[in-house]
Amino acid sequence: MDRRVGFIGLGTMGAPMARNVSAGGFDLTVWNRSPGPAEALQRDGVAVAESPATLAAACDVVVIMVTGPEALEAVVASDRGVVHGLTADTLVINMSTVSREATLAAAERVEQAGGRFVDAPVSGTKKPAEDAALVVLAGGEATDLDRAEPVLRTMGRAVVRCGGVGQGTDTKHAVNLLLGGMMQSFVEALSFGQKRGLSRDTLLEAIGTGATNAPLYALKGKAISERNFEKQFPVDLLLKDLDLVLAAGRESGAYLPQTATVRECVSAARARGYGDEDMASLIKVLEEIDRLV
Amino acid sequence: MDRRVGFIGLGTMGAPMARNVSAGGFDLTVWNRSPGPAEALQRDGVAVAESPATLAAACDVVVIMVTGPEALEAVVASDRGVVHGLTADTLVINMSTVSREATLAAAERVEQAGGRFVDAPVSGTKKPAEDAALVVLAGGEATDLDRAEPVLRTMGRAVVRCGGVGQGTDTKHAVNLLLGGMMQSFVEALSFGQKRGLSRDTLLEAIGTGATNAPLYALKGKAISERNFEKQFPVDLLLKDLDLVLAAGRESGAYLPQTATVRECVSAARARGYGDEDMASLIKVLEEIDRLV
Amino acid sequence: MDRRVGFIGLGTMGAPMARNVSAGGFDLTVWNRSPGPAEALQRDGVAVAESPATLAAACDVVVIMVTGPEALEAVVASDRGVVHGLTADTLVINMSTVSREATLAAAERVEQAGGRFVDAPVSGTKKPAEDAALVVLAGGEATDLDRAEPVLRTMGRAVVRCGGVGQGTDTKHAVNLLLGGMMQSFVEALSFGQKRGLSRDTLLEAIGTGATNAPLYALKGKAISERNFEKQFPVDLLLKDLDLVLAAGRESGAYLPQTATVRECVSAARARGYGDEDMASLIKVLEEIDRLV
Amino acid sequence: MDRRVGFIGLGTMGAPMARNVSAGGFDLTVWNRSPGPAEALQRDGVAVAESPATLAAACDVVVIMVTGPEALEAVVASDRGVVHGLTADTLVINMSTVSREATLAAAERVEQAGGRFVDAPVSGTKKPAEDAALVVLAGGEATDLDRAEPVLRTMGRAVVRCGGVGQGTDTKHAVNLLLGGMMQSFVEALSFGQKRGLSRDTLLEAIGTGATNAPLYALKGKAISERNFEKQFPVDLLLKDLDLVLAAGRESGAYLPQTATVRECVSAARARGYGDEDMASLIKVLEEIDRLV
């Protein structure tokens, strides 16, 4: 049974996820590119490694939660990267959302060095990360997923097994394609309602009562009503994900007319200056075009 | 207290709705353009009127559930229409989905004849109509809505008060705008998943676990997996509703980029021959373009 | 040979077109709803009729150039309309751009009254109207078109025979569908160029040198470079035409994904306050979204 | 004065372009990855080099016309690449359409090796290449462009100076963005016309008479009427270019709603099996969706 878990990447998502691993009873070691976030955990008794390599050498399972493909490649394969510390059967779990290509490249490096690899991006934002309520979309061999699951369960309320390595990532992309489309439909419905003189509360009640009722709409409807655009899932991140989706769709030849349109709407939100705000800011683009504000 | 309810329009939706009014303890009288559906109810002890006018003369509340603006105008205002039978304070409830203009025109005719008017289109399809589980989106004066509510509750699991006469209709349009966008997003996500080699069941599980979880997706995911495209909410009806939405948006100057794209996708489904199938058939357009089938 | 021509509708387009009919050697009588524009022509020796009916009674050919379907119906069929003045074989030429339905309804009224009918909307704006350089898209029976042609040639540099009554209108719609798409493509190309740091003049030179070279781009490129958005073809008119196109496409079941997207862009231009400016203002929407200004 | 010109890449475009350089009076040396196309030129007296490096060593100017960024990097910077043969002030002209990044990377390698660099992608297809009627979009320093121009003029009927190195490429992207949008608008207009019962010839005449008249439409209208979809500019190439455009737009934050929609239409054409046919095949997607065929 794996007891020693390393966690690399202590950002908005990573820091609370790491705390939940520790709270779940595992012996935690962490590493972060900039030292600040690790020090905060250190004050609470968590071990801090000097490099991804030394972290890997000290752990049975290594979790990675970084911001993009360059960071992933650096922590895995650079001079002081994970591959230089792992021992036979060290399990590396990549939870960062990157392209399938980047995921598979990392997997290949890990496996060449004798380790095992699972990709496990998450659906959910800061609040679910804090509440250990993420949905984990995991891909890998069954025996590796069996090993990963106790660690993943400390962070998520559900672990969906999506297939082999890389398919967690593809599933995440499909879910975020849906998320983007649902979000833009939602703000168009609200904007339409406003143009037609409807009360927003009543419209949200109608949306929340029938087949359209989704947790997303309860959450974002409340945020929009309160004009609270503090980022849970920022516009820039949604744009990054949609670009990954469209690149994957391009590679596979998928016809995605609505997703392409949604992507431009999200791009407009970024251009209008809302990249670092929550994706609920999509409504502001419509308000500004329609001069509702 | 109103006891005598008339029901005009016994189609796919209307027939089970009328039965639920009767099951709810009201004295029911019905009328339908073609006699067949009324005879089926007559065999179960329901009274059948000779015309909308005679039906109105015999009832406290008249419910109308017909297919479009021409039918609505005919049953309300033609020679043998409702306005020629109603007495002071007869309450007319239009549950048909038409444009706001058509709703307001019917309201005006009823009010000129001394009656009261509520618009109350429904969200939900055949199955919820049978199960008295519709969501009713009602617009009218508070005292009229108070009178309408006991009747509406026999048909629906929720009655949302949307504002004045016509605002039930606008709310219905906003909800169907959302429904169309959610549906097209969904089939693009499933098609993307198929292109990427994902198991559809796993993807549906992922969609059903997080913020994207909506009753619509559970229902339509099952239908698509079973290749069951029997109409619950047919493509033709969704197209009709989106055209009403876009016409309303046009009148109000609303910018609806995604909705316009979705409308074309639904139009493509109709052009491919799926007008009379369920809106889940949207996935077939993608399959055919992408030669997945 | 027809010598006496009546002209109804002396707006931005109609006034110079009427002058060109007169300059072409025909005996001109005019009528306009508001008297001002007719008086201006009267001072130059043109006869002014008291009503469309008296105008029709005095002419062999009646040309109509009004702003929409209501105005068309009024001048044709109201109490003092054309149908009450025309004699056997009076030729009525409708040059207003309306729906095919409105065209066919006017044709029916004229034919019932014993007259002949040609539909002949024009492609071109104010400047070509002044220069007798319009392109006329004419539909009707060959013998009627033979009669219409000498009159039409005083206004246009080309008369394209499009088929029967109503097909001039459909051809106009197809051309304006193309015009809208070409215009939005153009402003996206210019906006892209600006984002990439290109000189606009150089880009316009490149566009004007190859397969993409169209008179539209020379004209609108110059206007945009000079920030001259004075209306030649205003945004509101393009929006009206695209709505006619999409309604016609809807009726025929045509799949028009790009046109639907373009229509929303034009709608955004109107919402931003550019309805009464030239369609070159489409570029301002992109500039404002992208914060280029 | 430069007399010795090397030409690398003898594909559909490159072979006739190289012949035109030779016909223009320059001493030509060629190289191609596969030997066949070079041998055809050799039989006509053209010198054939053993590698890009030896070609560069023997020439004053080196023209490169290859299919993508990998091929460009290989012929420039691999072991036997151009940089290993060039001498001080050898001028390298890249005419391949790739991303600006790939262009700038090649320029950097050439300049580090002491050479000079111009980017000069072309607008135009096989026929203009054969007829020396291409439009060349050139970027570089003025003195380098002065040297390049005599060579470029043997291949093109116009050389547009677009700015510094990389701006020829950006201009090409902007023009192809426009080309794609014009093409999709065109096929929607034709498809709309067909649905409305118009004669295609008449519609093409109307398009060719007014502001919409562009060489593209004369060419493609003829091809569509003759059902001749032999590639001049194949769907796959248009898709590649639009992906470069959208990637560049993404990098610059440009909002391109119509271009995104067009890209999906082109992707649909590829998915339907028309990747290797001319872009006029875009009309087949509409025909198939609308069941016109």
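Each chain gets a letter, A, B, C and D, in the order it is written, and its residues are counted from 1.
Operating definition for what follows: contacts are C-beta pairs under 8 Å (C-beta built on N, C-alpha and C of every residue); 3 or more make two chains touch, one makes a residue touch a chain.
Nothing here was measured: the structure is a model prediction, and the numbers come from that model.
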item	value
Far-end chain from chain C, centres as C-alpha averages	A
Fraction-based call for chain C against chain A, same above half, different below	same
Chain B and chain C: spacing of chain centres that average the CA atoms, whole Å	40
Averaged-CA centre spacing for the pair chain D and chain B, given as whole angstrom	53
In chain C, residues with contacts to at least two other chains	253-257, 261, 264, 268, 271, 289-290
Residues of chain C defined as touching chain A within the complex	257, 261, 268, 271-273, 285, 288-291
Chain D-facing residues of chain C, complex	100, 123-124, 135, 137, 158, 160-163, 167, 170-171, 173-175, 177-182, 184-186, 188-193, 195-199, 202-203, 205-207, 209-216, 219, 245, 248-249, 252-259, 261-262, 264-265, 286, 289-290
In the complex with chain C, residue positions of chain B that touch it	243, 250, 253-257, 260-261, 263-264, 267-268, 270-271
